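Next up: some structures, all given as structure tokens.
What follows is a pair of complexes built around chain A, which joins chain B in one and chain C in the other.
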Partner chain A sequence: MKEEKHIIFLFFLPSIIFLAVLFIYPFLYGFYLSFTNEEGEWTLENYLTFFKDPWEVRTIWTTFKIALPATLISILLAIPFSYYMRHGIKGERLISFFLILPVTLGTVLVAEGMLSYMGPAGWLNQFLKAIGIIKEPLRLTHNYTGVVLGLIIHNFPYALLMLLGYVSGIDPNLEKAAQILGADGWYIFRKVIFPLWVPGIAMAFSLNFVMAFSVYPTAVLLGQPSGPTRVMSISVFHWAMEKFNFNVGSAIAMVMGLIELIVILVVMSLRQRMFKGGSMVGKA
Partner chain B sequence: MEIQRDLHTFLNERNGVVDTVKDFKEIKIKDLNKSFGANQVLHDFNLNVEKGEFVTLLGPSGCGKSTTLHCLAGLVPIDSGEIYIDNECIDDGTKGIPPEKRGFGLVFQNYALFPHLSVFNNIAFGLQIKRLSKNAIKEKVQNALKMVRLEGYEDKYPRQLSGGEQQRVAIARCIVMEPMLMMLDEPLSNLDAKLRIEMRYELKTLHEKLHIASIYVTHDQQEALALSDRIVVMKDGKIQQIGPPEEIYCQPSNLFVADFMGFRNIWPANIKEISSENEVVINVSGFELTIKNGSIKKADYLNNLEIGAPVFTAVRPEDIQVGNGPVNSLRCKSEVVEYLGEIRHIGALINEDVRIDLRTGEAGEEIKSDGIIEVWIPPGKILLFSQEGDRIL
Partner chain C sequence: MKKKIRISGVLFYIALAVFIINILGILGTVVLNSVGKEWYGGIFPKYFTLEWYSYMAKDHDLPQLLFVTFAVVISVTAIALLIGIPTAYGLARYDFKFKGLLLSMLLLPMLIPPMTYGIPLAAMLYKVGLATKISGVIIANLIPIVPFVILILTPFIEQIDPNIESAAKILGAGRFQTFLKILIPLSLPGIFTASILSIVRTIAMFELTFLVSGPKSQTIVVALYYDAYAAGVRPPQAIDALAVVYFLITMTCLVIALRFVSPTQMVFRLED
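So, the complex of A and B:
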């Protein structure tokens, strides 16, 4: 019996080593760096550097202003789409292909594409001007709007696929049962599907928010990294890779992680409040 | 029963609950057809269900029983045919009343309880949509819980209940709506054997009390026999036979029904002699059987049969007698003896080609496997079918 346990542990060992080397050690090292100075002495100086400088502290607000709307819009857009697709629809594979395409191309390529497509002389503005909706080209790149749009385009597929996976796992008989009991489509959505979907939505929201909050390439390429879209990760990069001060960089990264953790905890407690029945979602 | 029904109505009136059961005489399904792609699952299905009647759709899986329920409920559009409540057509394949307006109830095989709602809210779900007053809802839910003997379970959640309790909640959720027709889709198949028999008994009691017209779907012949006023035996989307349990059990109209209802000994044979219009001698490979059975008279058919014509014959294991008999005596070599408590089930060989299944009571005690047994089959207990499977005698 005891020997068996040892063997089971051996099976886990590769993944434990993997996690330790690639996640736990770097995190703990960053944590250590953030509380020490270049001489290796314990200090709070790094955190004070960040919090004393209004220009740096402002990045928190800037990041929120970008990440929150981008996440909310992605999720709110993905909810109706995935609800419609929950029992499978025609051409689902094609749709999935187009959804996964931007993910596979990577952030930079998508951002480059958007720059030329949505830029002042891009197709979009040319088209809108041609049909007479606008006179002056819309400013959709190198500003706040550009970053939010870029994030939505990048994160929407993730949101949709996560929500779809969850909602299609809800027993379709529940809908039928509700319908026979007299419920119409909107009632079924409000009283049956949505409450059961809340855990999935909370999960998708949290993951999407974390992705959006730690945005870097999109904010640099589609935004104004020196001003209105100077997000926290840019600040981290600035300190670590331009000023070569890994200690302050680590401290900012720790603040970032803490904020993300707090947001996830808030979302999870909201979820708990909305959903009391346990997470039993079974297929027929 | 009539008195109990009146009591129910009386209680409802006293409690200020309006009885919402629409008065009707029968629900009629006419020439229903349904295909999924190239696969036709229902062929010209016809059935009438009277108010208060308990009808069972019985058949192997994939025979179209559940599809019939879903068509009736309006969850699945029908290809052609009509569904009537008395003279009012509720579905004719082009425009059907949506499920939420039909006033039918459906109990699902997996219960389909709302996992996020308490037992009370599960049962009250439909009443809340009807916008009944809070007091009326409470009253009705309490009554329904009493009916299924789950008083005090209001605040529990489905995941806290056992399979049997979940089943009761599902039934309560259905009957609380006082549906015109209650449909049950294999409701007992997820329960263990003991609980299944208990719930079967309770379903029967409930039906005796409430007299809601019911259509029950199962593949279990015991359940069908125990519960039904009428049984509809189905195969490949076609009705094989409709009749009261006794008739289905004793007088199957074709070979499929006979097989399904426990005629385990089915042998191909040839006509040897037609003695009269209810007496025939047949030749099963290597031995003869005399059949004397007057319950189904197909004189025309019988007279047209030639000597030597291929037929099928069927006998129940429990109708085979051990010992020496006046006719149809056979010697067989037992292969397997299964002890089943009150009875023993014996599988034996009459000759190399013919296997015989029989059951014995006390007499079976000394039968060992590999022993020789003398048996005989009463001529009145043997059924005769044409080569196509239609019943002749």
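So, the complex of A and C:
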């Protein structure tokens, strides 16, 4: 089509303005805030406030300690599940419905429900006691375990549906060919499907990790936000919205974003080193 | 070989059942607690009552809460469509130099968690005086939804035969007329899908609304969070009553959405 360039540009103008004003500008503004004080003078103090205080710096470690296991467990569970579901299974619609449920309902409702369901007198503990697995109720809320469980309940279905999207996009003929050539199930998974699946798994891992790393409501409602589960988001929120110090708040948010970026880059470079050419996947 | 498949199948369904039972347990507790009285351990509450709902409705000014929620959800969806449709059309029809760059810029707001960019955004909105207002909440929620709408719409528009547009042009329709009379009606299924998914997402969007809303511009999910956060202030059953209201709204939208889209479409998926 021989369209003039400036007319094509008009189609994109609304979203370019949108991106510039609502996404790029706030980012630059946050960057600026993080390096200035309230008088607008350039300073490193905001970062020093964070890094000099052991109580604040510990949030980085705390967040990793929560986000990494939660992400790993979600992904490692999701891989066999989605692999099993790759050609479609019986009752798939119903299963998918229950999987999408916690994702759609969001972290707040799930956390609120878990408080009573997994609490000391909740159904879960009553049940486990009744069948004799435990004598004393398990402590699953208001601690580290509660936050990790809450994240898994939210992230496992998310990871599963994402991985399912990728694995069901791999050309089934490859698998058939391998089968005809005499490969068994484990061999097919290891040598045919998995290498083609790695880009999808890397992507799912990155997104899940980033989501888990910025956990907020789950860490507050199901954990101990003033101690063992004081994650970076809580620290950011505390500085920006409770102390109304957007300078320090932005600085911590920048650190958080940087860590997320580094983790994604590490995952992506690992993927590239492990499987060159793995991205040649047949799309659904 | 046959037996091995059966074992993995059994394992699969058992594990899935455990997951589903726990989800049902979590939701079931919320629902039962909201209509129960004197539930101290035991499987079910002793009495059933609806008094927590009236308590919650008075406590929260429920009509106001519902009004804000729906005003935000509908405005966000409508504005996102207005911004997104031309872009989706452009992406579907033209190739140009910076297409890759534009696409990755559009993906970023969906990839970066709201807690990360929400603070600078809130700072900006406070500075221009839009924070704590409904308009501020709408603006904040647009950020992940506009790219989402564009990504859903683009493949729908790609499927429309460009010859139809050419035909309209040959018959004398202007560009704008073609867009309005040919393209929009033909992409209605895509627009519908994008709307329903963006409604579901906006209702459940907690972080951004939480960061920029004030007491009068809260959506239900934020009000629910504050209730759960200040748990000692009101009876837990009243909190669960609000949770059930939120649950019912989200469920209704989800059930409608699932009639038209597959669940894998509802989570993010990146094409390499």
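Methods note: the second predicted complex is superposed on the first by the 278 of 284 C-alpha atoms of A that agree within 3 Å, B and C clash if a C-alpha of one lies under 4 Å from a C-alpha of the other, contacts with A are read in each partner's own complex, and residues count from 1 in each chain.
In the analysis below, a residue touches a chain if its C-beta (ideal position, glycine included) is under 8 Å from a C-beta of that chain, and two chains touch if they have at least 3 such contacts.
Predicted, not measured: the structure shown is a model, and the values here were computed from it.
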Clash-or-fit label for the pair chain B, chain C on chain A: fit
Chain B versus chain C as contact partner of A:8, first or second or both or neither: second
Which of chain B and chain C A:233 touches, first, second, both or neither: second
Partner chain in contact with A:42 - chain B first, chain C second, else both or neither: neither
First, second, both or neither for A:181, with chain B first and chain C second: first
Chain B versus chain C as contact partner of A:55, first or second or both or neither: neither
Broader residue contact with chain A after superposition on the shared chain, chain B or chain C: C
Closest approach of chain C to chain B (Cα atoms, Å): 8
Shared contact residues on chain A - chain B and chain C: 281
List of chain C residues in touch with chain A within their complex: 1, 4, 8-9, 12, 15-16, 19-20, 22-23, 25-30, 33, 40-41, 43, 82-84, 86-87, 89-90, 93-94, 96, 102, 105-106, 108-109, 111-124, 126, 139, 142-143, 146, 150, 162, 175, 200, 204-207, 210-211, 221, 224-225, 228-229, 236, 239-240, 243, 246-247, 250, 254, 258, 262-264, 266-272
Complex interface listing, chain B residues touching chain A: 73, 75, 98-102, 104-106, 108-110, 112-117, 125-126, 129-130, 157-159, 173, 177
Contact set on chain A toward chain B in their complex: 171, 173-174, 176-184, 187, 191-192, 195-196, 275-278, 280-282, 284
Parts of chain A lying in touch with chain C, wherever the complex brings them together: 1, 3, 5, 7-8, 10-16, 18-19, 22-27, 29-31, 33, 80-81, 84, 93, 95-118, 121-124, 126, 153, 156, 158, 161-162, 164-166, 168, 185, 199, 203, 207, 210-211, 213-214, 216-217, 220-221, 233, 236-237, 240-241, 246, 249-250, 253, 256-257, 260, 279, 281, 283
